[in-house]
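Both of the next two complexes hold subunit A, though its partner changes from subunit B to subunit C.
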Partner chain A sequence: MTAIIAQLVISGLLLGGLYALVAFGLSLIYGVVRILNFAHGTLLAIGGIAASIIFAVYKLNPVLIAVVLVLVFLVFGYLMHIYLLDPLKKRNPFEATIGTVLVTVGLLLIISDLAAEIAGPTPKNIPLEFHAYIVGEVIIQRAELYILGGITLFTIALHLFLKKTWFGRAIRAVTQSPLGANICGIRSKQIHAQTVAVGCGIVAIAGVLWSLKFPVDPYGGFDLTVRAFTIIILGGIGNLVGALLAGLFLGLAEVFTSFLWASDWAPAVSIVLLLVILVVFPRGLASVRK
Partner chain B sequence: MTGSATEKLALAAIFAIAVIAPFLGAYYLTFVFTMLIAYVVAQSWDWLHGEAGYVNLGHYIYFGIGAYVFSLGYINELPVVVCFAFAALFTAGVGAILSYPLFRLRGDYFAFATLALLPLFDLLAANLKGITKGTDGIPLPPKGAIVMGVDVKVFSYYVALAVCVAAFFLTIWLARNKFGFALKAIRNDEQAAEICGIRIFPVKLKTMALGATFAALAGACYPWAYRYIDPTTVFGLNVALIPIAMALLGGTGLLWGALIGTILLGTMQQMLLVQISGFQATIVGIVTLLIGRYMPGGLLRARIVRGTPGLGALGKEHHERLGVRPAVGAAGEALAIERRTIDPDRTILTCNGVTMAFGGNIAVNNVTLEVKEGEILGLIGPNGSGKTTLFNLISKIYEPVAGEIRFDGHLLNGLRRDTVSHVGIGRTYQIPRPFSDLTVQENIAIPLMFRGDGGLARDAALAEAIKFARFAGLEARLFDRADALNLQQRKALEFARALACRPKLLLVDEVASGLTPAEVRAFVDHIREMRDKYGVTVIWVEHIISALSQVVDRLVVLEQGSVIADGPLREVMADERVLRTYFGGSLKEHA
Partner chain C sequence: MRTTLFAAALGAAALLGAIAPASAQRTDPCAGPITFGTTISATGTNSTLSDRWMKMTEIFEEEFNRMAGGVALSGCGGKKVPIKFVMYDDQSVPATAVSLYEKMATVDRVDLFVGPDWSTHGFPVSQIFEKYKTPSVMSNVATPRVYEQGFKYITGLAFHANTWSQNYFESLKNVNPQPKSVFWIVHDNLIAKTVYEIHKPIAEKQGIKTVGEEIFAPTTRDFTGIILKIRAAKPDIIYISSFDAVSVPLVQQMRQLRVTAMDVHHIMATGSLARQINLEGVTGELYWHEGIKGPYSDIALKVLERAEIKLFDYLWTGGRLDSYFVMIQAIEKVGKLDREAIATALRAPGAKWKRPGGEFEFDAGGLSKIVAFTHQIQNGAPVIIAPAAQATGTIKWPSPTWQ
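Coming up: the complex of A and B.
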């Protein structure tokens, strides 16, 4: 029994850590630019599928694949902001809100459909064989250790990046007041675009790590966006540590729901959790702490 | 409704085509049926979005719930009429229940929570296999497919057409009815709507339930015609967003928006489906994206459409259809405010130990204050001393953490904002908050329509509003939108709107700051006139002492949330502590 629970905890942490990575990007973009990117999780799907195809064709090292994909996603995010999202800011608030929703939902539909048409609708992953460690009755694959290590390193790196660098400080200034930051010599529009780019870049990493362990479903992206949104509401918008903890919690909750009840209901955990949190704390949990 | 000839012609043409389409063959029957259903969903979605400003991305769940309830009734051999009634009632109930949690949210959060309903109901439909038969779906028995020798698709077609007609006329009714004005006020500013006497939650709940009912009726037509229902056809993300894209393509909040959008996008989709195999979701996605990027206001609002003779009539905003023109009246005409006889010894407002804290910050500290009927009280104090917070407590924006507020025999603690407006408290905001996309006339008419006594009818309120606009010097801007006004005019508009609440007590928050001396003088005269002519009691927060000194009977000074002086102007102005904290010097230094 303890072995089963240990195994479940490992899966939960793994899944939760990956959710948290997806949530980091969404949190960064929503926290700074105030744009809710409905296509965010779908980016992971297409990243994971691209990684699996690149691996199948060129047999590249997954780290190299990640580097390539991060660059592509950075450019994509930057262009998406400059050409699709930023122009909507000039409209009145009603039109800006609904416009942003339509643009990002449109992207979601396009990306997932293109991915499914090009790569086929069956889920894909990177079929690397890894050595497995056996501790007592618990089996740990080396890939899982890589993923956990990757998530940990990346969280620390991102935290330092946001706290210690000029860009991190500029981001925080722009979050407080885009106009104020502008007056102080920060180009808010550029910072916004770069933030969206970084947010998308993080998803690329999450996509590669994801495909090392789990198959990626081209249509599963929106469920991931819901999870990521639940995580940032639970952990606090713009709060990395909170998002990591919330992600791990959600991963464990889903794994145990599958085990104790039925795997069919696992996706419902995040939706129900999201609705409950939004209803009990309409301004997010972060407002309670303040 | 003053529909133009173009509109009547367009309506007749569309209706005629819809009536004859089934006779043209099975292809046209299916084609138009799809559009009829899409129109009902798009239009019922737009009641909440176009009128009340809430983006309900999960509206399609009502379509799905209606379809499922209908199918379950049908396979249990209930009469079709009963199945329709069940579908409508059950779904309206779901809409009403969902209103309680959902309307605690706004903006992005509301949009996201409603979008999350789609996967949730998809999961429920797929996993509650005992009821819904899971992903296998529910087939309807073939014996009902032919009724009286006619394909049931024809019957469901005309039922759907009837629902469309009902939805269209309901939209007309909503745009011109008082209920619709409540929605428009909510869209612009919920707090200001409450201040104007509108109880907002029931209005939102009814709109949600109404939209749910119509979507459910459309949903019920679907399995009746196609004899089959499964989770992905009614809860899938790509099908769910198409009706929303249709309403937005035409123009949200416009009478013709959803209809024109449905016809255009529906036809386009139909043609593409025939031409192209695959990439359908991509095409929906591209259309959605382009609408969002280039015309979130809709095609009918585009300059080129509005400029085209004939077509322009379809893009009319609701207020361009109202047509209540100014009545001829004299400048000094009386306002519809009852002239109260003042009893200067009667206390109208009592604050007793009122305290308000935000976290650890005590904004109003144990304030005890009495205001006599017909008094004009000046309230001054340094910035951050709690003046606006005190106003917010009296108008129930906040609930005090301690103390009692009594007004004209009512204990205000625990009352809602709309009730506070109804018992006779009106207010303005320091930064004006008019309903920005409504005209000056509509802004003033809203409190007249939602008074405590049931309010005036729409036309009477609009006519009456003209007198208030004239009083505030806004007659020339009567039909302009509030967001086109300058600061002084917006302040004047707010003042007029507050008067239209027929207040016994008027709370005026820094109305004179940022105005020229002449504009300030006009406000001073208005305030004096309100008291002298109509017996309105006034509390005026202001930094411009020269303005206050012309009218106030008494001055109260707040500092760090506490009352530090209370008395006639001269006494208070000579008070050493007031001089030190507010004027920044002492008498001795000046002497």
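Coming up: the complex of A and C.
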């Protein structure tokens, strides 16, 4: 029984870590710019597909692939904000909110179909073969350790980046008061665009790590967006540590539900958690701590 | 005011004009071309199975008209008329398919329908065929319930869900050692669940005891829970009733977590799946295989070659092509374009129909009685292991890659 629990915990942590990574970008963008990016999961799928194609063609190290994709996604995110999202702010708040939903949903549909047209609709992954460590009856893939290590390092790096750098402080200032930040010389419009760019850069890293573990297809992203929404509500909007904990919690909950109850109920866990949290802890895990 | 009333009257007349002839047939039953209306899931979630079929259908139209010279109408003095397709992308959404078939019936005014694919689409779209009294040969709609609605104008090409794995379970009677237990892993989907429900009692009747069954949602990524249950149950056979794309992580994680069995059977062990994960030794079903020659196979193989489609990659392509061949045969049997007569001919009891994979009949509800070929992946390619008459190799038992 101990071996079974250990195997479930490893799988749950890995799944949850990947979920958290998906949620980081969404949380950052919503926390700062107040935009619900419905195309977020689809961007991850596109990142994963691009990574798998680059790997298949050039046999590049996934770390190098991630570096290339992050640069591309940074530019994409910046342009997306400048040309698609920022113009909506000229409208009244209601129209702006509806507009951002429509624009990001439209973007989701367009990039899904474009990716399917260019790369084909079949799922793709990075089929790297790694050795496995076998401890008693517990089997741990070396790839899983790399992914877990990558997620941990990235979370620490992102946390330090947001806490210790000028850009991180500027983001927090704009989040607290865009007007106050402007008075202090911070151009909130630029910070917003750069935040969307960073959010998209994070999703590129998530896409590469995701495709190392699971296949991705152009139409599979929206489901991940829903998971990411659950995580940021669970962890508290704009709270990265909360998102990490919520992601891990969700991953473990799904894996244990699948084993202890039934597999077809595992995806429903996120929805049930979402409802419970909204009713009992409307401000997320952070409100429990306070 | 008068202008507005006049415009409204004109609009109403135009609308009536557009609707009225929809259920009526064309005046000259011998004129060509004969138009086939169809939708294809060229985009959306099902497009992994059918994204090349629009191109394939265009090529089919061209090659059939060139190689066969068109449809022979005996009732029109043996005149041959070309076929023409009116095609739309249903985006893998059943509701979109319904509105497109409605459009083809009322706006494009096609003569006959071929398609749609998939049970999820076939269920709602079959209402349109009845409404407009226009026969259709659907493809890859295998759920028996679609054909139990008492409808007159539907027929469908697919392996019958009732006989999906018939050859597989027959072949198990001759293997040594005999399998005694099975674990069912089922994709939460209409056809996958139907196949599982039908075959579970068949296996038990054969002395293969069920030691576990799990249904998984299509969005499931992590299968550790299911795999640990399999390892605890130690089944001889693991039967995966699932579409190929959603089961990639399942088979991948089964390999990673060192699952063992005499055989892993996947009802859609396709080339697409094999490119992403190690499918060596897995058994599965094929609708048709390029190596099996039969009626129309010259046209079919030419079309597949030009469309760059391999049947192992696009498992359901055979069903789609067969729907075209069967509709053409139905018109030729009647000898002219007469929808009622064609619908009756398609459902005539005992009528034989030709396809590249051999001859077949429709059952009383209109679903083809086609039994799949069972194959095993050996050295990266499918080897037909049953039925014995068409086998291209023998099964490796127990499967060497799952030990």
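Heads up, the rule we're going with is that the second predicted complex is superposed on the first by the 275 of 290 C-alpha atoms of A that agree within 3 Å, B and C clash if a C-alpha of one lies under 4 Å from a C-alpha of the other, contacts with A are read in each partner's own complex, and residues count from 1 in each chain.
Keep in mind that, in the parts below, contacts are C-beta pairs under 8 Å (C-beta built on N, C-alpha and C of every residue); 3 or more make two chains touch, one makes a residue touch a chain.
Quantities reported herein were computed from a predicted structural model and do not represent experimental measurements.
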| said: Looking at the superposed three-chain arrangement on subunit A, would you call subunit B and subunit C a clash or a fit? | reply: clash
| query | First (subunit B), second (subunit C), both or neither: which does A:D217 touch? | reply | second
| said: A:D113 in the overlay: touching subunit B, subunit C, both, or neither? Say first, second, both or neither. | reply: both
| said: Looking at A:D264, would you say it contacts subunit B, subunit C, both, or neither? Reply first, second, both or neither. | reply: both
| Which holds for A:T100: it touches subunit B only (first), subunit C only (second), both, or neither? | first
| request: Return first, second, both or neither, reflecting whether A:L278 touches subunit B, subunit C, both chains, or no partner chain. | output: first
| request: Would you check which partner chain A:E254 touches, where first means subunit B only, second means subunit C only, and both and neither mean what they say? | output: second
| query | Which of the two partners, first being subunit B and second being subunit C, lies in contact with A:I139: first, second, both, or neither? | reply | second
| Interface residues of subunit A shared between complexes with subunit B and subunit C | 113, 117, 223, 262, 264, 267-268
| Complex contact set, residues of subunit A against subunit B | 34, 36, 38, 84, 87-88, 91, 94-103, 105-114, 117, 222-223, 226, 229, 262, 264-265, 267-268, 271-272, 274-275, 278-279, 282, 290
| message | Help me check something: in the complex, which residues belonging to subunit C touch subunit A? | response | 43-45, 47-48, 51, 188, 214-217, 219-226, 228-229, 232, 245, 248-249, 256-258, 272, 276-277
| said: Going by the contact rule set out above, which residues of subunit B touch subunit A in the complex? | reply: 49, 53, 55, 57, 101, 104-105, 107-109, 111-113, 115-116, 119-120, 123, 126-127, 187, 237-238, 241, 244-245, 248, 252, 278-282, 284-293, 296-297, 359
| message | List the residues on subunit A that touch subunit C in their complex, please. | response | 4, 7-8, 11-12, 14-15, 113, 116-117, 120-125, 127, 132, 139, 141, 214-215, 217, 219-220, 223, 251, 254-260, 262-264, 266-268
